[in-house]
Amino acid sequence: MMDNIIIGKYVPGTSIIHRLDPRTKLLTIFLFVFIVFFANNTETYALLGLFTVAAAALSGVPVRFLLKGMKPVFWIVLFTFLLHIFMTREGPLLADLGLFKIYEQGLVQGIFISLRFVYLIMITTILTLTTTPIEVTDGLEHLLGPFKKLKLPVHELALMMSISLRFIPTLLEETDKIMKAQMARGVDFTNGPVKERVKAIVPLLVPLFVSAFKRAEELATAMEARGYRGGEGRTKYRQLTWKWKDTSVLLILAGLGVLLILLRT
Amino acid sequence: MNQDRLIAAEDITFRYQKDADRPALDHVSFQVSKGEWLAIVGHNGSGKSTLARALNGLILPDEGSIDVGGIQLMEETVWDVRKKIGMVFQNPDNQFVGTTVRDDVAFGLENNGVPREDMVERVDWAVQQVNMQEFLDQEPHHLSGGQKQRVAIAGVLAARPDIMILDEATSMLDPMGREEVLDTVRRLKDQGMVTVISITHDLNEAAKADRIIVMNGGRKFAEGTPQEVFRLNQDLIKIGLDLPFSFQLSQMLKESGLALKGDHLTQEGLVNELWTLKSKM
Amino acid sequence: MDIEIKDVEHRYQMKTPFERLAIYDVNAVIKEGSYVAVIGHTGSGKSTLLQHLNGLLKPTKGQIRLGGDVLEAGKKNKHLKALRKKVGIVFQFPEHQLFEETILKDISFGPINFGMSREKAEEKAREMLKLVGLDEELSDRSPFELSGGQMRRVAIAGVLAMEPEVLVLDEPTAGLDPRGRKEIMDMFYSLHKQRNLTTILVTHSMEDAAAYADELIVMHKGTVKAKGTPRELFSRKDDIAAFGLDLPETIKFQKRLEETLGITFKAPILTIEEAASEIKALFQEENAL
């Protein structure tokens, strides 16, 4: 059961995107959010589209995974699209459906705004598919480093994340075991009236929580025994090395931003 | 102080709840010498695990003193003591901190501020010592209990302590896992890398130690070589333990009138003596 | 009820890239009232097999007949709940399933799920509490206040209270100290004898299998490699080792003794008491001559 779940939807690979520093990828998402707003005409959207498709191609990730990443937002995008189509009343009238009228600008705006979503989600999906959860954690920890001065417990947050990630498969296995044990005692998790199934959560959650607390206690003891006493004076085994390709990506992004501004209407 | 004496515990008393009538540890004193394998045995609740945790300051005794490698154990010195004592716990999952094998082995080194280049070397070395080099990048849920415990041992080794405490480290493992772990520890001890204290209720495991301390009801019940301790026979059974096979069989044969001399800890020993006896007939 | 396992195969996650064959060609008959031990290394399929016995898993090929019920590949079974009452499984580390506010409630949980009235269930619960060696006083305490060994007994009581016809035990002594192990195994054995309770023990401990079981089923890499009484199986000189299993201490000792002394005992020695009396007899014979 365990191997089935690709945590964080990471797809192993060796593409250049995979090999980028996670900080680069996180920064790209962050900056891209702003950059999409620069587009406001066909040329600019086309340029963004080119960038997105190029990133997808370079990542080597099969298209079906990318499409899967789009699934959750499909309805939002559709809704936005329809909203713009029917709400924007500029430009020549394209179609008259009685109650609803579709104007050219409505259609154009609908497409453009939807594209913003699509591009953003695509870029984010490409990045999560090519970066392991632990790399993301490391990247975040580094990027948030400066905030330590503002008393943000960056190290502790990162450690919490990495320990949580490590325990997800273990907890899933345990959930499975507890479910089986309770099923053997007559609990039905799948059939029966909703009320009964909701009640069935108790014999699942209580043991899970109890065991989770016990784990936490034992883990804390083990960490203490191994000399853990907070982030002070700690060195790091895992390293992130910033390379030329990382700088290049940021430069490309900057270039993209500039081009968009120039090509805007 | 005697060079050879790594740990000296004097009159340790400890209560988990301050108003409990029976203390978890009741005036316990003992010593550990460099290079030996000491087994601390007892039924569940006898105080053996509590004793282990007192040694590296996970709990601090209410009374008595503990000296580890020249350091008096106190709240302030706890972190220095923990550099000298590494501990492997019972539950293989609940001590595995890192996302992969190498991350976990490095954890203790990170805590002690070891520079990265040294860390890389020591992690590789430690993982080799426990024969897990093929699993360096594996995630814990892909490992068996025995493998996880070996990773824990590597984590201890990498930090280069003088002493390794195994706190019931084999009781949740299957027979194969138990064998893997004990073989690994024995090899490391024989190579002089660590002094071993193993907390266990497995008498077959204890039989392989140099010395045994038997705990019962928070007190030290007996101490000596395995042979000396097992001769207490029924007394051990009364306090919830059992005897290793060969030893028990030797006793039973003696009781039934056979002219057996030895108290055998191994099957070979017993078989050989029986052969000698038979050939004299 | 008898249990008949015929040509059973189980594949996990069929038709996905993660498909895995866990057990195959499994055939066995477990007669009512017998005590059977299923032994095998980790990964041999024991755990998969035992989950079929109460319908938690269904075979992907073959069928399992449990009394009047049949679990068959491809066919839906509507009586799973009734089956789960008839075949009670005590999983490994059963104390992890405790959750109720009081011990009495937890033990009654199973029986109530299977239709017993609360009063009757609580009565049963008290009875079971005593049976597993715990004080009735504990009824209203939280199960989490107890020691690990006591919690395990509560969990076992919770399965026994369901009044199963067949009891399946998955490594019931894992993690217990010697006294705890003996008490639990003796308890199950006397229950087996008193109530003619079909007992299926899944274990790594060759000693327990040899000491308690009437019949052994040896699993290796997903299939049944050998079946028979302990004496039959341990008479076969080399087989067991090939299946990744260790011989019980008594058998190992017997072989050593036989080799060194150049003798053969008439039957495999299964307990330490037998070993002592056989050796004594050996020396007495010589004396008599």
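Which chain is which? They are A, B and C, in the order written, and residues in each are numbered from 1.
Definition applied: a contact is a pair of C-beta atoms (placed from the backbone, for glycine too) under 8 Å apart; a residue touches a chain by one contact, two chains touch by 3 or more.
Note that the coordinates shown come from a computational prediction; the quantities given were computed from them, not determined experimentally.
Engineer: Using the contact definition given at the top, which chains are in touch with both chain B and chain C?
Structural biologist: Intersection of chain B and chain C contact lists gives A.
Engineer: Comparing the two chain pairs, does A-C have more C-beta contacts than A-B, or is it the other way round?
Structural biologist: Spelling it out, more C-beta pairs touch across A-B than across the other pair.
Engineer: What is the distance, in whole Å, between the centres of chain B and chain C, each centre taken as the mean of its C-alpha atoms?
Structural biologist: So the centroids are 30 Å from each other.
Engineer: Based only on mean CA positions, could you tell me how far chain A sits from chain B in angstrom?
Structural biologist: 45
Engineer: Distance between chain A and chain C based on Cα centroids, please, to the nearest Å.
Structural biologist: Chain centres of chain A and chain C, defined by C-alpha means, are spaced 46 Å apart.
Engineer: Mind listing the chain B positions that touch chain A in their complex?
Structural biologist: Contacts found on chain B: 56, 58, 79, 82-83, 86-87, 89, 91, 93-99, 102-103, 106-116, 119-120, 123, 139-141, 155, 159.
Engineer: Using the touch definition up top, name the residues of chain C that touch chain B in the complex.
Structural biologist: On the chain C side, the touching residues are 41-42, 147-149, 174-180, 182, 204-205, 244, 246, 249-250, 252-253, 256-257, 260-261, 272-273, 275-277, 279-280, 282-283, 286-287.
Engineer: Under the definition above, what is the set of chain B residues touching chain C in their complex?
Structural biologist: 43-45, 144, 171-172, 174-176, 201, 203, 240-242, 245-246, 248-249, 252-253, 256-258, 267-268, 270-272, 274-275, 277-278, 281
Engineer: Flag every residue of chain A that touches chain C in the complex, lowest number first.
Structural biologist: Those in contact with chain C are residues 1, 3-4, 174, 177-178, 180-188, 202-203, 206-207, 210-211.
Engineer: Taking the complex as given, what residues does chain A use to touch chain B?
Structural biologist: Those in contact with chain B are residues 2, 134, 162-163, 165-166, 169-170, 173, 214-215, 218-219, 221-229, 233-239.
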